[in-house]
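A, B, C, D, E, F, G and H are the chain letters, set down in written order, and residue numbers restart from 1 in every chain.
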Amino acid sequence: MSDTTDILEMLSKGSITVEEAEKALRMKPFVDLGFAKPDLHRGMRQGIPEVIFGQGKTAEQIDAISESLLESGQKTVLITRLSEDKAALLKTAVKYYKEARIAAAGIIPEPDCKGTIVVATGGTSDLPVAEEAAVTAELLGNKVTRLYDVGVAGIQRLLSHTEELMSASVVIAIAGMEGALASVIGGLVNCPVIAVPTSVGYGASFEGLSALLSMLNSCASGVTVVNIDNGFGAGYSASMINHIGG
Amino acid sequence: MSDTTDILEMLSKGSITVEEAEKALRMKPFVDLGFAKPDLHRGMRQGIPEVIFGQGKTAEQIDAISESLLESGQKTVLITRLSEDKAALLKTAVKYYKEARIAAAGIIPEPDCKGTIVVATGGTSDLPVAEEAAVTAELLGNKVTRLYDVGVAGIQRLLSHTEELMSASVVIAIAGMEGALASVIGGLVNCPVIAVPTSVGYGASFEGLSALLSMLNSCASGVTVVNIDNGFGAGYSASMINHIGG
Amino acid sequence: MSDTTDILEMLSKGSITVEEAEKALRMKPFVDLGFAKPDLHRGMRQGIPEVIFGQGKTAEQIDAISESLLESGQKTVLITRLSEDKAALLKTAVKYYKEARIAAAGIIPEPDCKGTIVVATGGTSDLPVAEEAAVTAELLGNKVTRLYDVGVAGIQRLLSHTEELMSASVVIAIAGMEGALASVIGGLVNCPVIAVPTSVGYGASFEGLSALLSMLNSCASGVTVVNIDNGFGAGYSASMINHIGG
Amino acid sequence: MSDTTDILEMLSKGSITVEEAEKALRMKPFVDLGFAKPDLHRGMRQGIPEVIFGQGKTAEQIDAISESLLESGQKTVLITRLSEDKAALLKTAVKYYKEARIAAAGIIPEPDCKGTIVVATGGTSDLPVAEEAAVTAELLGNKVTRLYDVGVAGIQRLLSHTEELMSASVVIAIAGMEGALASVIGGLVNCPVIAVPTSVGYGASFEGLSALLSMLNSCASGVTVVNIDNGFGAGYSASMINHIGG
Amino acid sequence: MSDTTDILEMLSKGSITVEEAEKALRMKPFVDLGFAKPDLHRGMRQGIPEVIFGQGKTAEQIDAISESLLESGQKTVLITRLSEDKAALLKTAVKYYKEARIAAAGIIPEPDCKGTIVVATGGTSDLPVAEEAAVTAELLGNKVTRLYDVGVAGIQRLLSHTEELMSASVVIAIAGMEGALASVIGGLVNCPVIAVPTSVGYGASFEGLSALLSMLNSCASGVTVVNIDNGFGAGYSASMINHIGG
Amino acid sequence: MSDTTDILEMLSKGSITVEEAEKALRMKPFVDLGFAKPDLHRGMRQGIPEVIFGQGKTAEQIDAISESLLESGQKTVLITRLSEDKAALLKTAVKYYKEARIAAAGIIPEPDCKGTIVVATGGTSDLPVAEEAAVTAELLGNKVTRLYDVGVAGIQRLLSHTEELMSASVVIAIAGMEGALASVIGGLVNCPVIAVPTSVGYGASFEGLSALLSMLNSCASGVTVVNIDNGFGAGYSASMINHIGG
Amino acid sequence: MSDTTDILEMLSKGSITVEEAEKALRMKPFVDLGFAKPDLHRGMRQGIPEVIFGQGKTAEQIDAISESLLESGQKTVLITRLSEDKAALLKTAVKYYKEARIAAAGIIPEPDCKGTIVVATGGTSDLPVAEEAAVTAELLGNKVTRLYDVGVAGIQRLLSHTEELMSASVVIAIAGMEGALASVIGGLVNCPVIAVPTSVGYGASFEGLSALLSMLNSCASGVTVVNIDNGFGAGYSASMINHIGG
Amino acid sequence: MSDTTDILEMLSKGSITVEEAEKALRMKPFVDLGFAKPDLHRGMRQGIPEVIFGQGKTAEQIDAISESLLESGQKTVLITRLSEDKAALLKTAVKYYKEARIAAAGIIPEPDCKGTIVVATGGTSDLPVAEEAAVTAELLGNKVTRLYDVGVAGIQRLLSHTEELMSASVVIAIAGMEGALASVIGGLVNCPVIAVPTSVGYGASFEGLSALLSMLNSCASGVTVVNIDNGFGAGYSASMINHIGG
């Protein structure tokens, strides 16, 4: 029962004039007109996890937000960028993923859509970013296959997983240094590839700039890119795409 | 009838030894083992258009490739980055999209999947990139809605299209200068957003760098980014995602 | 007479139901709910010039927009980034400012506020940007004093104008190369300084980057910065500030 | 009673010759000729706070400067970039603003002009910069409204504050990451907007570069920019502008 | 005894059909077809050291990998980017090169090819990178001559070693700051020069960028470049080249 | 007879009061107090050439400035960045230096100080910048020795000129690409070296950035740097230094 | 018969004193002491082609240099960066390689060493750089195998040439955009790989910067890099390496 | 008594043949031919201090070098970039300049030339760099005048020192942030100005890049630039210039 309805009914009943109604509407147009987010919110109440950015918040603050979300009907809550120390202090968290630096509160969901998301990395140093992507995707209800350390300098390691790659509905390609993994995978598969440059490297990698530019210039079609080290963003986008298929 | 089959049959018949078979296979492993692209190719023969990058090729060269593709069963051929002058010389092209600088050969396809791709731009100068994205998506079998000149400096222009945005299965957000459009749309919608920075601007836009960095740093989840001015790449990725939904 | 009023009056008269009114309002919330820009528009109808970005538009297009603005009650129309050739083809323009590359349609306004805007440049090559700023400010109803070629390498040239600077309500400091002018003026005056880096220079000026960084790092308080070569933006902001004083 | 007056009176009384007077004046032209700053200084003695940059100074040094300013008639003294530890050692400070890292000595002033400065931030991490801007503005005699965490990824949060924004005389828009807030606010309001990029973000935010470029490229008129994280500079400039209106 | 052989023998014996053999081969083409690396691996078993990147691995992990390599017939194992503390914990290491931060397990090889690699540095601060290059080359079976601190600002120091330089089969030129050493050496010698920019320097050296750009722009023919501080890469490439000569 | 003297004499005679004198002095402090430039101007009247930046000025404008300078007693006038076409139209020019793009009006001066300036270049493509430096220095009264094409990739070319270098009072080292010349010369000589990076090169020379960074990072003491391609600035500074020696 | 010999013989005969001999030698140490380049020159006279950089030289100048080289016994002369128009005017050239923009004067040499250089490119647009590398290598006496358009986005194209790659003594890997080719090839082969980034691409390729950084960060050992578009440099270095093998 | 003399005398006496003499000379041309540095070295023995770069050396190492220099006749030794802790351990040092982080061994020299070097800074934070420059110049035998905290935002502070500036033979202008000081001083004085950008600042100062670019683009003639924070280099170059005047 929104304010707009109230105002209109008051106008309809003659309790207020047209001018008064017009002014009242003008004063709070965004609260009650119901565009944009409400659908999203509704969607979320139906089971899609809400996300709390853990960095810079105290354990108490996180618990408070987490509790209020769970009480409002949210089934799962993701807490990202969370140190192990802080995670140990959380009361609401039911599981902590150390590599991913993610905690989950509420229910750990089962996969709720058909497709599989493949998370591939160039090297073992890319693992924290990869786990952030993989755990995000899992907690958002996706099946995830991990293909780690399949960098292009040993192309046969990657090619030996052609079948997993070919059967994915989305691939997240994670690599630092020269970031070539995204292009090679983009050329092998038929599905969308989300590339995540990492800050792994030294010297002319310039904290991930090299991999970022490589991935943006990928000569393979179907490759899009997120920010350096943004495993969460890749997992979130991949989940969105994967759920389109039902 | 591939060479592998030949070799195996010769082995099966005893014409060659196991060692000879092994050596023969080792010598050309990639020609006939049929991984990766063939599935894609088969997919393409079922109706997905093939793409020719028109820049740097003569009209004759384009016609030759185009004809051979059509003869091999390809129904539609896209020719991108094609100047109007060169397009006029093409014999195989059935339609030229001037703003998009794309020509189509073969059959102009009808939409073959349910969802709609919204192509939104910040300003009128982003139009060539937007049309490259939109026409690419259309020729790949997608319904496309164009929302042009809905830049964030007049946010009500964008918000008046909330309904179109909310009903999209993918949104392509195209903007130069500060590139804020991607973030605002990413916050409004529930579907994947592909952001395309454009080189529109001057001074500190540094040929699209400003918009590119903005989009990579989008505070909205679900936004991925392609190269500056890469309308084709965005249209191609959006089509991939849109077709996942059937 | 807005649509909102129409809808509300129809509801008030019982011609439509509350539900119908609510739905109608929801469908076009931004056109007629009167937030944000309408106040601006009203302000504009009271005499503030509207601006047309001339670059990339034909003379016919500019004339059409210009005419429609003048017909709707707009008294003055600015057309920026307009080449001399195109200006010669315009029917609606009453004056062309060659250096500023700006044309005016409608009435050339008299200053309508008390303060004075000083436009200062480091060198003579900054003149086109300076004139864009100065003419913009004049056509927006400001008194403008021009102090050109008062670069810091000959500090006495600048200091001999201390009185004009001290009596300004806003100063626009325009300089390329090392962009030191903004800091020196910022230290001399008591009013807001808007700094405009220009692309004048060569080598390590990197198309205005050097001046831009200088100005952003100004050690003087009260200095804010606009994009490289953005004379229009500086003139517009200065006018906003100058009009605060009535 | 300046030296110049002394010299001139000595000349007037015949105690020195014209040549001696001329030479005396030439030797110290900037001390006593009273250009530029004196008006500012006078203004300051009338109540405008003086500012001490706290970083790199000891508590004793700050106290000494602060005391001498207060003794010379200064009513309020701002001490910026001051750590909590050092603030605890200050004898002259009457109040410490922890988030803003600012201390005040002397009298905390009441607002002395009509307009309101709105300080808006994209996220909660921008808070320290925002408080530096807000407290600076308050201590310089301005009414300040804080609108924090109204980033463009949830545009309705921002729009629900349209009224506060519309009634501001200046808006300070503070954001890291993609910095889109400045453009969206610039399009909503009719008053000057001072944009402050922050170093909040990671990867391709490049320590605030992304937000800085975005803001410089703002497609909204009336937006000017200060250095990354320069909350003080924004508050100072906003106060200057706000006081023009009386 | 690879899977491929198994499959082929089963086919040869009639245990499986040609179709079954073909499908089996298609499923794991990269595991057993033996392209690419096997030759390398074989080469390595013949004495070329294997390399373990020590950084980010525990002493236990390194020992485990090292042992397994030695057991499989590897004669020498290089462990790079290894801190002194961690080296002290290694059981498999037979020698630790402190400056180079490299440990060797197995046998320290004698030079096994005719040519000499000269490792030259501009200054003494480049020594750790130089030792990484030199020790890598030595452990890969090369004779190495060290010419340290022969920077171009004292050109006679370099020129007094003309003979050593002239008799090298490869020169590794290592320098930070302005990186001029590569060009000067490139002009003196008749053999390939591998340039290694170092992050030695401050200010406008931008962590090695200055030396990197210098070396890429070398006006001397025969100079190629590796990543900043990549002593290992230079030593490895130099060894490859040196071994071509037998 | 300056205004200050007039005012003081009027005060001395009692024609004006102390207050009137003080006010009069305050109004034009920079015109007549005789600091800074006047000494310079006097110096110039004694024979030091005045410089006109020719680019962006018409032949008529240049002639007018040139004539007025010559009439005021200036013996030589330099006109820099002057195209051959425009030079042909000049009436005041007595000589045009095509490579240097400099014209001279008035008298071509003889060397008026003892020392010699050596202008050295890395390659033949640096010649225009070198000639701008050399001709500037000559027209400012210096003896100049040209050592062109002595780049460090053929170090013996440079070293064969050790004697000329050793006897210079200032060396201007001009180089593009890797800019190593400045360091090598800086190590050979005992006098100040002014380094001029040029935009000669391609790819990673980034329009002179590579040479600029190299020169700023020179490991030789006594090297200072000017802007990319700034031959004039180097010639001017070198002349200043050379004249110190008398 | 060098000057040094003359001086020594004069000393030996007593025509000059030890002091006179010492002084004479000191005055021209680099002309006649025969270090460094002379060996190279001698080498060149034995058949290694001399190179003329054609850009910026007239046909007459090139012919003059070319003739003098041929007369002095040089068998082959390479002229690089030569436009077709200018090549048509050359009298000394016996063959022009249009794609490579190289002309040859004298004798087109046969391969004079055993190994093969493979020149591989990512795309067809990299062809001019590839031909510059390939023709340079051929004219320096090498066998060259061209593998064009084997970019990593279609990895099977590259892998189908594994045999050619495996049998190379040096591989030149040429690619623009993301430059991943160098890493993939570096992982496949056992020989030195020289990577050439090209300026092919747009937007975030930043004129070759993206490919350059990628290649410098290659995760494969044995990869070294030359300047953007420097086909000649790669061909020259590859030839040096290839000739080591005899 | 050099080796060259020995060889020549042996030849003169007939102990060796001309051929033997020639070969002997060719083998070590740079040790004894006495070009370049010897003159410098002689100069140094006449009193010019030698410099030891203290950073990265132990107190023992520094003492050893210092002692050997003093024993060889060197009167003064500068030790730069030396921490207070390490300085306390030095036995040879006779004085430590804390702000400058420089120690002196041997004799503290008196000024040995006529001119004065002015060291000016924009702010108090630039002091360490300024003291490094000033102490370097003093220990190299120059009179130094310090003008600290005369930044351009309070131009009268600088102008009140016009006389000191005008009487300098060289000015070292040191500033961070926007680096405008160099241009303003360059316009005031008639002598060479050496500009030192400092890393003082934050945000868009990018660790001194802003000041560096500003100074390179100085619109004043006679300004040359050294590396960021390179106080030593500026002091050394200034001393070279100052000593030209005798």
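Remarks
Here is the rule we use: a contact is a pair of C-beta atoms (placed from the backbone, for glycine too) under 8 Å apart; a residue touches a chain by one contact, two chains touch by 3 or more.
Remember, it's a predicted structure, so these values are computed and weren't measured experimentally.
Contact with chain D and chain G alike is made by A, B, F, H. Seen from the C-alpha centroid of chain B, the farthest chain centroid is that of H. Centre-to-centre, using mean CA coordinates, chain A is 50 Å away from chain G. Here the CA centre of chain A is 41 Å from the CA centre of chain C. Mean C-alpha position of chain C lies 56 Å from that of chain G.
In chain E, the positions touching at least two other chains are 29, 35-37, 154-155, 159, 162, 187-188, 203-205, 209, 212, 216-217, 221, 227-228. All chain pairs in contact, by the document's touch criterion: A-B, A-C, A-D, A-E, A-G, B-C, B-D, B-E, B-G, C-D, C-F, C-H, D-F, D-H, E-F, E-G, E-H, F-G, F-H, G-H.
Those residues of chain H that touch chain E in the complex are listed here as 27-31, 35-37, 56, 197, 199, 207-209, 212, 227-230. On the chain E side of its complex with chain G, the touching residues are 35-37, 39-40, 43, 51, 115, 159, 162, 166, 169, 187-192, 194, 212, 216-217, 221-228, 232-234, 236-237, 240-242, 244-246.
Chain H meets chain C in the complex at residues 122-123, 151-155, 159, 176-180, 182-184, 186-188, 201, 203-206, 209-211, 213-221.
Of all the residues in chain A, the ones that touch chain C in their complex are 4-5, 8-9, 11-12, 14, 17-18, 21-22, 25-26, 29, 33-35. Residues of chain F that touch chain G in their complex: 124-125, 154-156, 159-160, 162-163, 202-205.
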